[in-house]
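Residue numbering begins at 1 within each chain, and the chains themselves are lettered A, B, C, D and E in the order written.
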Amino acid sequence: MTTELLAVRGLAKAFGLSNVLEDVSFSVMPGEIVGLLGPNGSGKSTALNVISGFLPRSAGTITFAGRDISDAPVHAITDLGLVRTFQLPSMPHRMTVREVLKAGKRDDGGRFAPVAYGPEIDVLLQEFRLAHVAGHAASALSGGQKKLLSVATALRANPKLLCLDEPTAGVHVSLRSDLVGVLRNYVAQGGACLVVEHDMLFIRDLCTRCIVLDRGNIIADCLPGELENNPRVVEAYLGKAIEKGGMAQ
Amino acid sequence: MVQFIFDTLFRAADLALIAVALSAVYSLIRFPNVALVQYAVVGAFVGMALQQQGVPIVPAVLLASLLVGGIAQVFNAVIFQRLLRLDPAIALIGSLALSMVLSAGFLLGFGPAAQRFSVQVAPATRVFGVRVTEMQVLTGGLTVAILIAFALLLFRTPLGREMRAVSTNPVLAAATGVNTARVTGLVVFLSGVIAALGGAMLALRGSVSIDMGTNMLLPVFAAAILGGLGNAFGAVFGAIVIAAAETLITNLNFGPIVGQDHVFLPASYAPAASFALLVAVLLFRPRGIFVSEVTRV
Amino acid sequence: MIEAQDLRAGYGDGADILNGISLTAGRKELVTILGPNGCGKSTLLKTIAGYLKPRSGGVKMHGKDVSTVPIHEKVRHHRVGYVPQTDNVFRSLTVAENLRLGARGLDRATTARRYDALMEQYPVLASKQGRKASALSGGERQILSLARALIAEPEILLLDEPSAGLSPLMLHEVFDAIAGIRDSQGMCIVMVEQNAFEALGVADRAYVLSLGQVAIHAPARDLLADPAMRALYLGGHVA
Amino acid sequence: DVVIGAVLPLSGVNANGGEDQRRGIELAVAQINEAGGVLGEPLKVIYEDSGNVPQRAIDAARKLVSVDGVALVIGEYSSGITIPLGQYLVAEGVPHLNPASTSGLVRGIGATSFSMVGLDNVSTEFAAKDVLDRGWKRVAVLAMNNAFGQGVANEFGAHFAQLGGEVTTTIMYTSGQTTYRRELQQAESTEPDAYVFTAYGADGGLMMQEAYELGLQEDPWYSILITMHNADTPAEFKTGLIGMDVDYTADDTSYKAAYEEAYGQSFQSAWSGYAHDTTLFAAETIERAGSTDRPAVLSAIAELGAEGFTGVTGEIKLDADGQRMWQPYQKLKVEGDALVSHE
Amino acid sequence: MSDFLIHVISVSCIYGILALSLNLQAGFTGLMNFGLIAMFGCGVYGAGLVHRFGLPVALGPALALILAVLMGLFLARLGRRLSTDYWGIATLSIAEIARIFATNLEPLTGGAQGISGLPLLFSGLRPWDGAARLALFAVILGVAWLICERLVRSNFGLGMKLIREEPQLARALGYDIDRIRSTVMVIASVIAAVAGVLYAHYLSFVGPELLLAPETFLIWAMVIIGGIANNRGVIAGAFAMQFMMAYVPFVKDYFALPSDFVAAARLMLSGGVILGFLLLRPQGIFPERVGGRHDH
């Protein structure tokens, strides 16, 4: 049995009196691409924030690559090989797109050997269709381009686990399918992925497993294909998406 | 004790108006406008100049404040709006530069000597064992009245909400139908008026020299920041805290403790006390006492 | 209600981002703008709204030329509502204050009525009325920004990717609501979208932009029916 | 022309004093040139502003020395600047005449530096004696927190204690505040017989006003170097104020008349007289040296200093360190707006 | 003439070093330090105290270094949770506190009278001492410039720039913000302190007037005029500003203006030039090279 890359046990997070995460436990194995789904405000981003060390937890433990990172600072967690993106990325205005990408990989590269993905900056620029704006100020990108740049920058860090917060929101459909290819390739090189997403087609294509959060609790942990058969998931999250999705096929 | 409270309150009144003005503009245009302390000096000087021209004191002060409000607006339109588009820090430097230019103007226009309004000064009378002067009561009362009026304007009209909207997201504010230029103009005008009134009140209690602005700068900032920049009425509280700290350090007699008649902390440390207090508060409340902004990742 | 004629626009002294775009949208019509990232959709919306001055061409609303009318006056005199793509809520204001601001100029009773209606429609907001918008989740912000624009019941509504970050359930609710107000209030709606498939499902007409120009302009139904388009917009998903 | 330089605080908190110094120099220059100048040529003084910042003062001195090639430099006002300024000039071997700074530290500036004013130890001793003679045994001392003020407070305290008095509290206030109530109240709480203070113009005016308002003027107030703030203090706040200052009009009132004629007001401070005498002294030494050659001027200064030179501030005689040995003081009291002698 | 020129250039070099220090903090890392003069003060008082207590001159830089590191660390610590403008005012306050203590701790610092008679560098080389000092200052300025350039062009420099604008992004990419900030502050503080030591031995006087807040603003003006976030630019700014300030008196002589005009003119000039630059050429003489070369 392979050991878990990321293991979350009994995680809880409260802001003042409101419990956003109540009791969340799940794990990510190396080579997995796990989708983290759930209705708006169910606590997905909060979960990412706590796991990546941006917010302190209220209870529970998080282990990553065999270490307890429950209270570790962000940079220590990143050093272990966990890199995340933001749902609403904002970009510097006195740095170019290329510089931001460059900043993705630090000289010290984290204290632990990163995965062997190692994309070159120009390759990333091509893959994410940013080559023509490589010299532009990063803040002058369009909404979707910023999203893409943030994902590309995180990939450039060669993390062991890449945590993406809605990587496709605002991204053109044709690029979404390219993204599936890029992420799969990266995982094939030894990485793993935890993706918060709302695009069911993307999830179905990409994910090996899905976790569904609702009001701070996990209500499903299953294969992507099983989601629409789960009445709780349909009621809380998918709604009539199934009909439309069905129409698409 | 009562004397201590009065001293504190009067010192606070010195700072409060300017600090409130500073905080109010900050709340809107997100940069601490250093030149505001100079507006206070302009207010006092112009008021005196008008009085010397024979204008009675009340209209002189009012006229001067309105004028300063206008000047504040002009500077804001010509200088700060443009600098803010670059960076708040740049705007801050710009306001420092403007302060220097204004200082130079004062030096040429008014000379280095201190100036005073020609008003009758009477010795203090004792009220409940506390010595207060007429002018203190008058200016103190006026200060409170001005603060209340400003508070009403902020909390009883949509202006307060619109100000915060413009400050957090001017683009969106315009898309919501807020005339950002008008709101900004109004607030800048009011801040100029209040700062000028603050300067005039100071001048009425004592005298004003061209260095007053520079000397007031840090205490005023300390007050505004303690209360939380952008929280206009936090600034009043901040002013009281600063005043109390300064008063305490100059008036506390350690003599009895060490078995001597009179042992005071050196008065020359009084300004350091307020700054140290500021730094200490910021260590624990990084956004001042009254501001608790939710920043989410 | 909106007529944009041959618009050219760009940022600062940079190159033109819009290379002569014409667009119309009428009363009781929902027009959607589609296109790849960075093709100029948001720029177009900003130009129509009035944040960017067109370098040439003009924008008419209600038949009047409004190219030079500042946005806040458009909002008041031409009853325009605009929801930007990012930064679309007042972060330091509470949810309730955000909505109150949206209802500027309305009398108290109307505000209260519409406020309550919106709260009923979007329970996610109702439970967070006193919370600062900066504490909201991505999807909640999206809803708030839409509600803020709707509370004023504008006649012209410009939406930049209203569905970004919404769960499938919310996405359909929101699109249904948008289609609903078009029908019930006869609103003129221009909506930029990346979720093309769903957008085309509710829109009347669609403009597909490419490199700052209109590449395709057709009724939404036709685009949906067009297999080439469907392939394009469903990308690699249809195996 | 024969050119000498003057570095004065023409801006900053001491600008009033600096301006008064400049007036004194102007009057001296006019007087000298009327009498035929120096070495047969007109005397010219180049004024530079120190801005009350040591570095600017030295910048200015460098310009005077290396660009204008002045024969000697007069300067500055406050001790904190005079000292580094003097040190720079000493290092360059340029004669330095101190027209105003009275800190004891001035003595140590160096060989080519000379003081045309008696230092603090002289004046504070005079003041301490005067205060005690008036029967005030316990006094509170207020002085501004700078080199001058610290010097005065320390020296006065030492002399006063030596003579048998008691300083109840010494308050070093920060110059330029908008109020001094707290300092005044602190002084009051020690219940002194009298208040002894020294203050620059604006500060002094405000302090006197607040002392009046607080009713502290029921007790006597004594000002060291009273002319520094007298002009800035409205008459109603200083009735009964007494004090001391250097005396430069005792025997010779012609300078006073000239000043009043030229500037339409009475002296703003004591320092114009000293600057005036410094200029006369400088002119005389250059005349004696027979050239503006620096070594020649230096030896002429030493010579004249030992001999003694009489100006409007009395006789200038220098001790072995090049410091003025003695100067007359006067006891003053306020009458209306004017200062009158008060023995 | 040349002696004065050497003086002006020497002082310009010292200001150039200070401008580099400020640029490292404010220009590249977005740390709006308005208390730079306190770091400089660590240098001047380091040298001054050593002299006052009769210790060997060589201990001056050592003491200055220790003080500067402590000051840098303290300011960085203070900045951990503060937003830019709060931190800016806090640094201003700390500089003022430092000045007030320097003025009042008479037994230690000599109080307002300061410490005088510090040995002048190379005084034995007369009449070439001025040139020797200038050469030393220029070399140190060059070294400081090299250090700053290397730093901002490294990957560390990218981290600095990210922190300046998008600290959250920097954190997400694994940059340890607190560490980078502390490192920058310590390096900048040491650079400023070196300038302070040089200055103390140049002026041969140390006093609280050297620590007045307007001096910090002057350095800010240099940075802005030269071009914020451009190392070459800020040095140019330091020279331009220093020359302007030093030559105002000549203008006065030339036009035979009254001497009290100089004071006003200086204020007008420094204020006016800053304003003019900000309004007309906010990027300075040498703008930041966005996307400039990075060694990697």
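Of note:
Just so it is clear, a contact is a pair of C-beta atoms (placed from the backbone, for glycine too) under 8 Å apart; a residue touches a chain by one contact, two chains touch by 3 or more.
None of the values given here were measured: they were computed from a predicted structure.
Comparing chain pairs A-E and A-C, the larger number of C-beta contacts belongs to A-C. Chain centres here are C-alpha means, and the one lying farthest from chain E is C. Centre-to-centre, using mean CA coordinates, chain C is 50 Å away from chain E.
Rounded to whole angstrom units, the spacing between the C-alpha centres of chain C and chain D is 75. Chain geometry summary: the mean Cα position of chain B and that of chain C are 43 Å apart. Each chain gets a centre from the mean of its Cα atoms; for chain A and chain B, those two points are 48 Å apart.
Each of the following residues of chain C touches two or more other chains: 135. Taken residue by residue, chain B touches two or more other chains at 107, 266, 268, 271, 297, whereas all remaining positions touch fewer.
With touch defined as above, residues shared between interfaces to two or more other chains in chain D number as follows: 11-12, 15, 19, 145, 172, 174. Against chain B, in their complex, chain C makes its touches with residues 49, 51, 70-73, 75-76, 81-84, 87-93, 97, 100-102, 104-105, 132, 134-135, 148, 152. The residues of chain A lying in touch with chain E in their complex are 52, 54, 73-75, 78-79, 83-86, 89-96, 98-100, 102-104, 106-107, 110, 135, 137, 139, 150, 153-154, 157. Note for the complex: chain D touches chain B at residues 11-13, 15-16, 19, 145, 168-169, 171-174, 176-179, 181-183, 185-186, 189-190, 201-202, 205-206, 209-210, 212-215, 232, 234, 236-237.
Residues 8, 10-12, 15, 19, 22, 46-49, 51-55, 58-60, 62-63, 65-67, 79-81, 83-84, 87-88, 91, 103, 105, 108-109, 145-151, 172, 174 of chain D are the ones touching chain E in the complex.
Against chain A, the residues of chain E that register as touching in their complex are 154-156, 158-159, 161-162, 164-166, 168-177, 179, 229, 288, 290-291, 294, 296.
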